[in-house]
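Okay, so chain A shows up in both of these, paired with chain B first and chain C after.
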Partner chain A sequence: MTDLIELEEPTEPSTSSREEIRRISDNARARRVVTSRIMVALCGVALLIAAVPLVALLYQLIDKGAGQLNLDFFTKLPQTPTLIAPNATGGISNAIVGTIALTLYASILAIPVGVLVGVYLAETNSKFATTLRVIAQTMAGAPSILMGLFAFSFIVHDLNVGFTAIAGSFALAVLMLPVIIISTEIAVRNVPNSLREAGLALGAKPHMVSTKVVLPSAVTGIVTGVILAISRAVGETAPVLLVIGGGFTNSWQPFNPVSAMPLAIFENAKSEWPSQRAQVWGIALVLVAFVFVLSLTARIWASRKQQVRN
Partner chain B sequence: MDPVAVDILKSEEVVAGNTPAATPRSWYSNVLVVAAVLFAAVSVGFVGSIFWSSLPTWVHHGGTLLTSSAWVSPAGPFGGLSMITGTFETSIIALVIAVIIGLGTSISIVFFIPRRFRTVVATLVELLAAIPSVVYGLWGLLVIAPWMEVTVNPWLNKWPFAKTIFGNSGQEFGTSLLLASIVLGIMILPTFVAISREVIAVVPQDLQEASLSLGATRWQMIREVVLPTAKIGLFGATFLALARATGETVAVALVAGSVANAQFHLLYPGTSIAAWIATEFGESQGTEISALMALGVILMLLNVGLALISRALVSRQRKVLARV
Partner chain C sequence: MEETETETMTEIQAVPTTQVVTPRVRGPIEMQLKNVAVSFHGRTAVRDCTFDVEKNRVTSLIGPSGSGKTTLLRALNRLHDLTPGAKVSGQIILEGTDIYRGNLTVTELRTRVGMVFQRPNPFPTMSIYDNAVSGLRFNGIKKKSLLDEAAESSLRSAALWDSVSSRLKVAASNLSGGEQQRLCIARALALEPEVLLMDEPTSALDPVATLRIEELMTSLKSRVTVVIVTHNMQQAARISDDCAFLLMGEDRAGELIEFDTTEKIFNNPVDSRTLDYTLGRFG
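Then we have the complex of A and B:
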C-alpha cells in the first residue's frame, strides 16, 4: 500500500507522464502475456478433456471385457440365464457369424457399384455427375437409422422378404455406397493427368487407359475407402436393428433371420441379469478390436500410398 | 464418421483442381453409366420409399404428429413433439460441449503440439470416431449413468433454481436427457475436431507471422487473426457436428431413458427422433410404423438441411481463403 501511495506523489509533470505511460504499457503487456498463457493452457486442458473419454472407455472395455473372453464365448450359442443358473449366458457365436455374413453380403452388393460410380464421377463432368456427387455426400452423412427404415419398407415390406440377413445387408450396403463412391472418386482424380495422357499418346483406347493405367494407380486409395466403409458397417446398430430379426442360430443363409454383435450389445445392455450385462463388455471389446484393426489397416494402406507417391 | 467428413472436404478440392479428358462412348463407359443410374435409383428409392410409407400419417394425422406429445401405441394418437424437442435439447447441449472442447483441441493440435506428436493425436481422434456408437451407449449406460445418479445429479440439484432446470431424477438408473447430451457431445467431438482442424490449419502462414511481428502474443494472434479468418469454416464444422448429433441413434436410445414426454427438465428421461424409431420399431405395426416413418422424414429433412448449410459454409470459407 505504501509503495502505491509514494508512486502517486506529485513530481515534475513531464517525468510523471513518461513514467505513467511506461507503467501503463508495461501493465498492458503483462496482462496480454498472462492472458495468452492462460488461454494456451486452457486449450491444452481442452485437449486433455477430449482424451479422457477415450482413455476411460478403452480402460473399461479391456478391464471388464477381457475376463469374458474364452472358448465358449466364441463358439457357443447364447442362453438366457435362469434362477437356477444365473451365470449361464452361453456364447455369442450367432452374433459373430451374423456380423460376418451381414458385412460380406453388404460388401458384395456395395463394392462393385460403389467403385464403378466413383470412377464414373471422376471421369465425367456432366450435370448428372455433379448431382450424384452432391447426393453421395449428403447420403454419407445421413442418419444410419434411415437406411434401416428404407430396408424395412423396400425389402422387408414391399418385396415381402421378411426379417432376414439380406435386408440388413441391403441397409448396410446403402450405408457403405456413398463412402466407397467418395473415396474412389478422390483416388481416381488424384492420378496425375500426365499418366492418362501418356497412355492415350501410346494409342490406348480410353477404357484401356482407365482400366490398365488409372485404376491400378488408384487402387490403394480405393482399398482404403472400402476398408473404411466396411469398418463403419461392422459397428452399425441402428440399420440392422430394424430388419435382421435377431436369429438365435449360426446362420450363413441370406434369407434367414440373423443376429449381429452390435445388436447383441444393444439388447443385452439393459438385461436384468448381471451376468448378461457383464458379457456385453466382452462383445463390445471384440467389436471394437474388429473395428480398430480395420481402421488401422486403412490408415496403413493410406500412408503406404503417400510413400509411393513421394 | 470423421474420415468421411474430411473426405467430403477433400473431394471438393480435388474436383475443383482436376478435369479429366473427355471419354468417348464405349462398352466401358456404358457400364459406368449403368452403375451411376443404379445409384441414382437407390437414392431416389431411399427418399421415396420412406416418404411413401409415411404418407398415411401425413394425410390423416399430420397435425397431431407435429403438435401433440402423446404417443399411445398401438392405436394412436401418435404425437412427435416430445421426440422433436428431445432431439433439439440433446443436440444443442451436445454441440455446446463439443464446440468448447473441440475448438481448444483443434487449436492445440495445430499450434501447440510438437510436430512429431501430431500424427499420434490425429490417430487417437480418428480412433475415437471409429468406436461404434453402441459402445458409447453401453459405456454411458453402465458406467456414467450410475455415477451421474449417485454423484452428479444430487450435486447439480443443490444449486438455487436447479430444480427448474434439472428437475428431480432417480428414475431409470440415472438415464436422462443430460446424460444423452454429454455422451452425444463426446461422440460428435471427433467430427468437429476433424473439420475445424483442417479449417484452422489452412489459415495462411504470412497472416499469422504478420500479427506476431506486430507484437501480438500467441493468443492475440489466434483470437484476432486465425479465428476471424477461419470463422465461416468453423460455423460449417459446427453445423456438420449438429447434423451428426441429430442423427445419432442407439447411444441416445440407451442413455436417454426412452420416455416420450415433452419437458425441459434435463435430468428427466426423454428421447429423440432417431432413438424413438429404434426403440419403438420392433413392437409396432401398421399405422404406428407409418408414424415412425413420418418421424424419419422429419429427421431426414432436418439432417439434409443442416448438412447443406454446413457444405455451403465450408465452400464459402474456401473462397474467402482463395481471396486472401
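Then we have the complex of A and C:
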C-alpha cells in the first residue's frame, strides 16, 4: 500500500484546439436557442389544448348548475314533477346524506385494512408481500363496475343483505383499498432507513419502530393517499349503481337502501322532465365542490405538516 | 495528544513518568472481539478482527474507505441482523456473554450498547424531550418522574440541557445539526449503556460542532466505553486512547492490520502500512 498517488504533468492546451472548441460550441449554442424557443412555444400550445376542455367543463358546470342551488335543493327530498307542477323536482338531501354515509362506511372498512397492508408491504420483502402488491396494483386498474358486480353478487345476493348502503360501501371500499395500500406503501418506504436504525439501536422491537417511528413520519403521505381514495370513491357511479337500491329517504342506516349523488345524476339524466334533467347540473356542481374541498383540505394539511417539520 | 496519553498512563500505572517505556497495564475489558468477520451474501466485507475494547476508554477504528470500519462497528450491536444475506462470524463478547450466541436478546444488547450514527437522525415527529426519552419508552418505561429525570440528566451529559431546557416540547428538527447530533447522543445515554458506538459522528458537522462532540466524548469516558469510527486521523489522535487500524486487503475485504494504544499506532506502529496511513501517505 505504499503505491502513492502520482499526478501526471498537465499538458499545455494547444491554442488551435481551444479555438475550434469555442467555434463549435458557439454554433451549437445558437442552434440551441432556436430549438429552445420552439419547444417553449409548443409547450404553451399543449397547455392551451389541455386547458380548453377543463375550463369549458367547469364553465358549463357553474353556468348551468349554480342556478339550481338553493336551500330546498340541499334540504328537501326529491319529487317527481307532475303536469300541474312540471318544475317541482324537490331537493337532493337523500343523495347528499347517502353519499356521505356510503363514503363514511367505506372509509371505516377500507382505511384500517389498507394502511395495515401498506405498512406490511413496505416493511417486508416476502413472496407473499410481492403477490399482495401485484394484486393491489391490478385492482387499482380494474374497471369500477367490476366492484359493483362483485358487491352485487357477493353482498346483495350471496350474503342476502339486499340493496343497502353497506353493499355500496363495500364496493367503494374495494375500490379505495388499492389506492390506500399503494400510497401507504410509498409513504412508509419514503421514511429514511436511518430512522428505523435509530429506533432499533435504542432497543426498540421492530413493531415498535413501525408504530412509534415509521408511521408518525409517514402520516402525511398516508393521509393524502386516504383523502385521494375518498375523493375518488365519492364520485364513483358504477360500483354503487347496482347495489344501493336508490332510497328516497334521508337514511344513515347501513342496512337501508340509500341514494347517492352520482346515482341521482344518472337517474335524473334519463328523466323525461326537462326540470329534472336541468337539476343534474346542480348535483354535479355539488359533487365537484365536495371533491374539490376534500382534496384541497388534503393538500393544505399536507403542506402545513411538511412546513412544521422543516 | 501526547499530553493526554501521558496523563492516562500515569493514572493507571501510578508511577512517575520516566523515559523508560514500560508496557501499559491493561484495564478491565468491556468487549472482546475474537476473529470477527462480516460477510454479505458470502462476500467478506471485513475479517480477522481480534482485539479487546477496554472499559472507560475511547477506542477508535481508523482506515481508508472500504476497510470495513463501519461494518465492524455495526456488528457490535447486531445492526446487521436485519440486512438480508449478512453473516457475522467469530465471537463478540460483552462482559462474558457472546452477543450472537449467548442468552442476551438483541433488544437487551442494544440497550447496553448504544449507537450514534453518521448523520444526526433524531425522530422528526418527536419533540426534544420525546427524543431524549424515546429509548426508555421503547423499553416500556412510562413513569413520568423517571422519564423527566432521565431527560434532564442525559441532556446535561450531552451538553445540551442549557440551550434546550426552555423548549423541550419543540420539534427536534428545529435544532441545528450539531445540536441534533448531541440530542442523538443524549437519546443513547438515557438508556445508561455500557458501550457507546459512534459511526463518524462528526462527519456531517462543522468544525465548532465537531469540537463540542469531541469534548463530550472525553467527558463521557468515565461513565461509558466509547468505540468510534472516524475518517479523520487528527480526531482519532485527539480523542482516542486505543486505536484499531483496518485496511482493505487484496480481495477487497477489510482486515485488522494493527491494534494498540493510540500513542503507539501514531508514533511507533509495528506495521509500515499503519505508519504510511497515519502520516497521510495514502487514504
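The rule is simple: the second predicted complex is superposed on the first by the 251 of 310 C-alpha atoms of A that agree within 3 Å, B and C clash if a C-alpha of one lies under 4 Å from a C-alpha of the other, contacts with A are read in each partner's own complex, and residues count from 1 in each chain.
The working rule: a residue touches a chain if its C-beta (ideal position, glycine included) is under 8 Å from a C-beta of that chain, and two chains touch if they have at least 3 such contacts.
None of the values given here were measured: they were computed from a predicted structure.
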item: Partner chain(s) touched by A:Asn125 [first = chain B, second = chain C, both, neither]; value: both
item: Partner chain in contact with A:Val174 - chain B first, chain C second, else both or neither; value: first
item: Chain B versus chain C as contact partner of A:Val97, first or second or both or neither; value: neither
item: Partner touching more residues of chain A, whether chain B or chain C; value: B
item: Contacts of A:Lys212 with chain B and chain C, given as first, second, both or neither; value: second
item: Contacts of A:Glu197 with chain B and chain C, given as first, second, both or neither; value: both
item: First, second, both or neither for A:Phe292, with chain B first and chain C second; value: first
item: Chain A positions touched by chain B in one structure and by chain C in the second; value: 125, 197, 200, 205-206
item: Residues of chain B defined as touching chain A within the complex; value: 1, 3-5, 7-8, 10-11, 14-15, 18-21, 23-24, 26-29, 31-36, 38-40, 42-43, 45-46, 49-50, 52-53, 100-105, 107-109, 111-113, 121, 123-128, 130-139, 141-143, 186, 189, 193, 217-220, 222-223, 240, 243-244, 246-250, 253-254, 274, 277-278, 281-282, 289, 292-293, 296, 299-300, 303-304, 307-308, 311
item: Residues of chain C that touch chain A when the two form their complex; value: 77, 79, 82, 84, 107-111, 114-115, 117, 119, 121-126, 134-135, 137-139, 171, 173, 184, 187-188, 191, 247, 272-273, 276-277, 281-282
item: Residues of chain A touching chain B in the complex; value: 32-33, 35-36, 39-40, 42-47, 49-51, 53-54, 56-57, 60-61, 112-113, 116-117, 119-125, 128-129, 132-133, 135-150, 152-154, 157-158, 174, 177, 179, 181-183, 185-186, 189-190, 193, 196-197, 200, 205-207, 210-211, 225, 228, 231-232, 234-238, 241-242, 262, 265-266, 269-270, 277, 280-281, 284, 287-288, 291-292, 295, 298-299
item: Of chain A, residues touching chain C in the complex; value: 1-5, 125, 192, 194-195, 197-206, 208, 212-213, 216-217, 219, 308-310
